[in-house]
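Chain naming follows the written order as A, B, C and D, and within any one chain the residues start at number 1.
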Amino acid sequence: MKESCFTLEKIRTLTEDTCELILRGDTSAITRPGQFVNLALPEKFLRRPISVCDWWEDTLVLLIRAVGEGSRCLTQSRPGTVFNVLSGLGNGFATSSAGARPVLVGGGVGAAPLYGLARRMAQVGTAPTVALGFRRAVDALYIREFEALGCRVMTATEDGSLGTRGFVTDSMAEACWDYAYVCGPTPMLRAVCDLPWLTDGQYSFEARMGCGFGACMGCSISTVHGSRRVCKDGPIFTREEIVW
Amino acid sequence: MVDLSVTLAGVKLKNPIIPASGTFGYGREYAELYDLNVLGSFSFKGTTEEPRFGNLQPRIAEAPAGMLNAVGLQNPGIDAVIDQEVPHMATLFHGPLIANVGGFSLREYEDNCRKLNDCAPVGILEVNISCPNVHAGGQNFGSDARSAAQVTRAVRAVTDKPVFIKLSPNVGDIGAIARACEEAGANGICLINTVLAMRIDLDRRRPLLANRTGGLSGPAIFPIAVRMVWDVYEAVKIPIIGCGGVASAEDAAELMMAGAAAVEVGAANLRDPYTCKKIIEALPALCSRLGVNKISELTGGAHT
Amino acid sequence: MVDLSVTLAGVKLKNPIIPASGTFGYGREYAELYDLNVLGSFSFKGTTEEPRFGNLQPRIAEAPAGMLNAVGLQNPGIDAVIDQEVPHMATLFHGPLIANVGGFSLREYEDNCRKLNDCAPVGILEVNISCPNVHAGGQNFGSDARSAAQVTRAVRAVTDKPVFIKLSPNVGDIGAIARACEEAGANGICLINTVLAMRIDLDRRRPLLANRTGGLSGPAIFPIAVRMVWDVYEAVKIPIIGCGGVASAEDAAELMMAGAAAVEVGAANLRDPYTCKKIIEALPALCSRLGVNKISELTGGAHT
Amino acid sequence: MKESCFTLEKIRTLTEDTCELILRGDTSAITRPGQFVNLALPEKFLRRPISVCDWWEDTLVLLIRAVGEGSRCLTQSRPGTVFNVLSGLGNGFATSSAGARPVLVGGGVGAAPLYGLARRMAQVGTAPTVALGFRRAVDALYIREFEALGCRVMTATEDGSLGTRGFVTDSMAEACWDYAYVCGPTPMLRAVCDLPWLTDGQYSFEARMGCGFGACMGCSISTVHGSRRVCKDGPIFTREEIVW
């Protein structure tokens, strides 16, 4: 964990409620895809946890969906804005444990940490297959970015306006993967977890956080190993640890 | 050179700044960021007899200039705390620790304090009486003077260490409760704990926290803490640890002038994990500006 | 079309938004900015029998997400209010007004309410029991159930208008006090008044306010208000006017879901004099988002 | 009174703690020198009352001394910052009531509203004499600006580093004025008020304000006419109204 300032360099609108933020700052504390940063906003007491989408040298990429006042303020920031950031939080994905045929499964803005993961997987071996679910075609994001890495991208939308109609799990009918990296809303995590043929994988969890670095117990959830902090012991938990 | 040291019922601290219970865990996470030995002391997470998972998610909510928590005293239980956490804390911090003690019955408070009495690294027992009494329909021990005094008497009898009673602010007359604790043998008072509060999720039409209510902390409650510390300073002679919304050296000085001998910092640590260190670094210059050579001269300074 | 109207003990308001007493004067200053007839009602400055200058300066202090005031019920006295202010208010606002009534003895509350009973523009009497009882050592009438009930009974007997008792939040069990008022004949409850607080001037080493303590209001107290409105909704059947820290339509809806039938807006008017107007304009869209055609369906909506 | 947005156009450092701010916005509600504006700051609940130093068309000039967090934040603002402002507050100076030989007496940043007054007096007749008191020479401000209007400026500093040593009243030994416009810290107002030969004038008062527009009674002071609101009935009170 490191506390430092990041300056917003570029902001790009991806969908009607989601933006890509490119920030400049000290990324040295970030060690794995799937970790997150915790951004302080002047008008809010609690920081806002956001997954690292990608990072290199002094650059940090975040995808932010405006769902409330804090995230809206982030998506409306102007280049030059300086944020106080706690970076390098959480465990991140462990790529070493993947099986032979991994799939990355994302729902909405949950695609963010999967991108950093996919880029690293592509660098050291083959680009993984990615399954992405969105509500509508207009909510789809980062498909081209994944494709540019060489990933095969399967999409599903709830209204069928892009890809398979239905949930992201409906786009995965081939059932030919043996390991999943999953990030998205809780019902989606659960649906993937319930796929009978996909018994192994890593799942990224969310919880309302007091600190984001393990001190307050605000984010504890039950796992098969007992209580675990989403912010410090997670946000990534393996399938066998999860208790719904 | 400004003398930052303060004494709490005979226990000398190198400065008055103490991370508040529940916001500093057992110090581990902060020890990765700075040497905990800059602190006056630290009050570790509230300890109960049995291991507790705490409340269901969500346990945290946002509030204007503050936050709500309903963690629900998650901790591994007194035996694990004494066997594993206290020895580890003693390696991180070499001064006297403050043990924050919870309990759901007089007997539990007693047993916990008796066990902690043999813990050398623990300098002060801070007894959190904002817990529901399972033997009295779940009413908080801290909600009236009689039960507050009962807890005080019970724990006072089983330990040689100084006992500070940590008061709940959700009462009409905080001075009367503090006085009852003093008369029952408390060596000091700590206040305030969180203010009972609630947020509602408009879309779900339900209280946001699974526990429905939560405790409000952070800057929002600071002026309430100043007033209550003031009232308790007028009511008792024993030393006071002030707490509630402190986020800067100026805030700490304000609570001290209201009557606090030392100051706990809670929620502010969660937003900025370096808060306590920054406050401690700012204290000498602030003391100079306020014209004191010994910070302890600030205590009660606004009373005439 | 969303129906914004609400009914408070038989008094129909076109919407639930009411400027809170002491933050809207007698409406004059706001009437220069917008037509007051957009409001549900307004609660004018607390009235006492005698003219009062109020407390010495300073009377105002800053707080995180809020403010402290120790105005001290400055007003020209009941006769001047009835002769001059009420007729003028009736020209500015054509709906039922809310008269906020202070008192330092049971007799004073009674006399004030008796006089206001003949004021046609006044639709509701809102009795502020956060005043010290000069016959009981200065303890606030609102600080225990017995004296709260006494005031309620006394005023209930002298007026035909609906009586809402405005509660002090500086108590342990707000539900018990509300229940005592209901049993004593109150037609409704208004809560919360300001939270007792203090700020200290570090350089002068004195409480900042001449009155030493002041009342905390503004967003800082909002989660406390939500919790107390929730508790009172569980405790009584009479309607509740919620108040405390409301600054947006979302805040108003949150207090309503906690149990309020209508919502008062206080300190937020001082920062932004258009607050009430903006909230009222935002309510229809918010109701649509929340899926209600009648805003009154929000009341108590988070209780199950 | 008007609520509107003003944009900071230029900020100039006058002394180590005082800045001149030039703002652009709708000044139509400002009708008299001696009125004030009330600025909202994002991090503070209460607005900050600041005297109008000068105004024309769409320009507003303020002089701000950093004494606490709010005023410090104002003096550290960058051009382009937008402030929500309530403008045209308070009664302002009544120039019609001045005697034949008026003097403008200012202490520190209290010079601000006197400048707008002096400029208007100079426009319609003769530039008035101005007496300004500061702690030290380095705290002196706006002397050249008053001189540029044609005003005779008398200065006093507490340490004698500029002009007369002592208080502003010490620079006024000539005693040849019959009317005073006064703005500055309360002890200074009182000292001017106590000058036996200066029996007439208008004094600008300060008080901590809840609203700044007359609604909350937070700023009431006693006058010979009873209680008066500094924000609405003042901030300017005539000498005969004042009760110390």
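Throughout what follows, contacts are C-beta pairs under 8 Å (C-beta built on N, C-alpha and C of every residue); 3 or more make two chains touch, one makes a residue touch a chain.
As the structure is a prediction and not an experimental result, all values here were calculated from the model.
Relative to chain B, the most remote chain by averaged C-alpha coordinates is D.
Note: centroid distance chain C to chain D, computed from Cα atoms, is 36 Å. Put simply, the C-alpha centre of chain A and that of chain C have 46 angstrom between them.
Mean C-alpha positions place chain A and chain D at a centre distance of 55 Å. Touching two or more other chains at once are residues 61, 63-66, 218-219 of chain B. Contact of a single residue of chain A with at least two other chains is seen at no position.
Arrangement of the chains shown, judged by which pairs touch: one closed cycle in which each chain has exactly two touching partners. Here, these are the chain pairs in contact: A-B, A-D, B-C, C-D.
Considering their complex, residues 22-25, 28-30, 32-33, 45, 53-54, 57-67, 69, 71, 74, 218-219, 267, 269-274 of chain C touch chain D.
Residues 1, 3, 40, 44-47, 70, 84, 86, 207-211, 213-222, 226-227, 232 of chain A are the ones touching chain B in the complex. Residue ranges of chain C in contact with chain B, taken from their complex: 61, 63-66, 68, 143-144, 170-173, 195-200, 202-203, 205-207, 212-213, 216, 218-224, 226-227, 230, 245, 250, 253-254, 257-258, 290, 301-302, 304. Of all residues in chain A, those touching chain D in their complex are 42-43.
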